[in-house]
């Protein structure tokens, strides 16, 4: 055994893995819940506005922002150790994926890519929403602008990352068999993509004209 | 009349490291029920006697002949050519030290892994030649055997991107080996003892769930379940610490 | 002369199969330094291929009740057709149960007794005693009076080898894998180690030891159709023979397994028949009961192989591009049983022949399987002719198997002999000193360097090693198979004589540099042809039938003239072997009828035909 190993706590790596799991899963659950909230626009502008007001009044919004900040830090902090840091390792991993042509290996690489993209996109998004405020008028105005592309990318990347992340967590911990997990999270992705697209469409149609 | 096969085989000679590994193409007529074992030997005997590769049992028992066949890590001896397209690319398994052409040093890697995981029955008991054997249920025995079936072919290691960038990672074969002793009632190690060995990034927490191991194990060992089993056990041990 | 590394140790074990590793463990536990050499990583040794099981009279299973070492001894002697050394067989039968239990202690997951009533495939019922629940169980194997073959599903050899190697790793025993011993170092009376070639780099090395152990396994690959791993080329035997002073015993005793799958010759284990599989002919008629009404498919191997060949010769074989074969039928055992207990068989059928044994018949034919002969040793495992040279396992003629080995007795031999001989090695080594001069070493290394030079430079000729090899394989297959006649054997000897000469004129086509595989093959070929020569010439000389050695022109066992063991020498510089004979030790059981085989006549086949 090497000196470094005997002198560092052997629990650290375990703790990191658990935090990664907890932060990832709660972020995924957050995303899905939030999709449903935003989706309330489908029931009309009033519903959406009331819900937004309700969340603000009872400080849910603040709670959500605090949660997001903590979860992001925790998640990024733990996940970074997984991302091949050195250029050489990056090359090996991509080359490897190309050689062995293996689905789950590719999906992990895209998880890294989508995660990195989300880091930037979601940070901007949260800033904009929190400082700009939430109501149907504002939201749909944001949507009816070049920002539309921003949201479409965030939706697809976010969904992809959340679903693949949940799938991976489920099989790593053995909550499900792989086939089952693939089916369950495949269906979940489909549902949330549809909700998301319809929501974006509705907001776009409103186009700030509320 | 069989198909005309083109085998693109990675050539590499450790004595001439300045020559980078390259693919050399050999052409061969396919025979009925031809396996890659038959094909490679034919090439060696009839076309290039310097070609290096490893076969021992030619029956998918010994684990010598793992290689990348059109990218997939698997055993060459149990691969029928008729299941492949006429263009076949053969490369040595990654991760392991290259010994020449398709031959890699899996033996050293696995011995080290077995040493690191102390892959033997750890017990304080002494063997008594006069005593009857200790009892065990047949189901227990079969459960141990399920994990014991690993033939150390290295397909799970060569196919794992994590193992490719982390030389100290025990990989699916290592974790499955540990699982084999965890379910063995004769081994007196506690979960805390196992945590010392695999409750870290070299062990089960280094696995990111790529599942190439599970997809490529030629013995069909349920590696996803085995890895999850070890992970859950180590999580419980980690919390209790 | 180039430089080479020298390694010095107390005990040098050549071969990391079960026999070699077990002996190494014993020596190491007695405090000796041990180095093991192997062509391949230990866990790739041929021992891992054994599927069926290991015999030991534990008497735990229902059909094993009443078993004990006496019964095991008697079965072994009968199986050997009285060719074995009975003192060895006695020692073996007494030790086998301890060996099985020790392997359990080291981690082998032996299948266990499950109490309760079970129905066998033939409809009879057995009842496993609850008192025995959880003890090591056994399955039925050919030629045994009781169910005595302990097993681990159908990966017995695999689990044994892995458990054994785990102890080797635990004890920190040095293993140099990918290293091939190519010559013994000796002074005509003492063995001092070996010259070896590193298969990674091609470099020569010298290993010096007080005791040298040959544990290199069998020579199956001399035959074209063999169930053996491709590394089983008998090199340990040939380097011993090469000394000129060490004899090989009973080389003509070659076992054929009844069921090699056509056409890859991978073994379908006896377990398939033990669990109730049938042999069928082209009319899908189950013919074995016609020949062997009592034991049926489970008579000893030589008998079943011969009956199958006999039946094929009568025209009942199934024609195929690879020659006629018979069918093995396990369909009636059911998908569940096949996929669980006979999983590896099922995999072999699917992967290597594209057959699903749950629904389809398996094409099988008798195939070379085991070499009873080997380096002749005394009961302590020390080779005749050289002090400090030992042999264990299939490479040895200890002589437990005589002219026919029983299924499951070979795994048992590797481990039991490893224990017993290992202890003798330890005792011998304690008293021994290493006495070897540097000129002596240089001479042996120089000899090997010369050979390599000649091969690389093609200075003796341009013969193709693979060509010679193929001709040798075909000669043995054709003329030195299950049925033997003087005429065919003479042909074989003549051909092998020619091949022997040609083998000395081999030249390489490739460069021979580094871990070159062609050079490795070329270095072995002369030794292999010599072994083939001993088999053919020994068979020609032995004018009787005994165990697996069956002469059509001498169909009866002849205890008056041939209750003898063949000792074959190849004197230094000679161009043919010489044969000596020694008496067989019959301390307990005088020669008698085996109760199966030749006693029951050829006519049985006729009644088969009329059915």
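Per-chain residue numbering starts at 1, and chain names A, B and C are given in the order in which the chains are listed.
Note that contacts are C-beta pairs under 8 Å (C-beta built on N, C-alpha and C of every residue); 3 or more make two chains touch, one makes a residue touch a chain.
A quick note: this is a predicted structure, and the numbers were derived from the prediction, not measured.
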- Message: Using C-alpha centres only, name the chain that sits farthest from subunit B.
- Response: A
- State the pair of chains with the top count of C-beta pairs in contact. B-C
- Task: Take the average of all CA coordinates in subunit A, do the same for subunit C, and state the distance between these two points in whole angstrom.
- Result: 62
- Centroid spacing, where centroids are CA-atom means, of subunit B and subunit C in whole angstrom: 27
- Query: How many angstrom lie between the CA centroids of subunit A and subunit B, rounded to a whole number?
  - Reply: 35
- For the subunit A and subunit B complex, residues of the former touching the latter: 10-11, 13-18, 81-82, 84, 89, 92-93, 96-97, 99-102, 104-105, 108, 168-169, 171-174, 177-178
- Message: Under the definition above, what is the set of subunit C residues touching subunit B in their complex?
- Response: 40-41, 43-46, 48-49, 58, 98, 100-102, 104-107, 109-114, 133-137, 152-153, 155, 158-159, 162-163, 165-167, 169-170, 175, 177-178, 200, 229-231, 263-264, 266-267, 321, 344, 347-348, 351-354, 466, 508-511, 513-518
- Task: Enumerate the contact residues on subunit B facing subunit C in the complex.
- Result: 13-15, 32-33, 35, 44-45, 48-52, 54-64, 78, 80, 99-100, 103, 105-108, 110-111, 114-115, 118-121, 125, 127, 129, 131-138, 140-142, 144-145, 148-149, 151-152, 184, 186-187
- Message: Looking at the complex, which residues from subunit B come into contact with subunit A?
- Response: 68, 71-73, 91, 94, 159, 161, 164-165, 195-196, 199-201, 205-212, 214-216, 224-225, 227-229, 231-232, 234-235, 238, 241
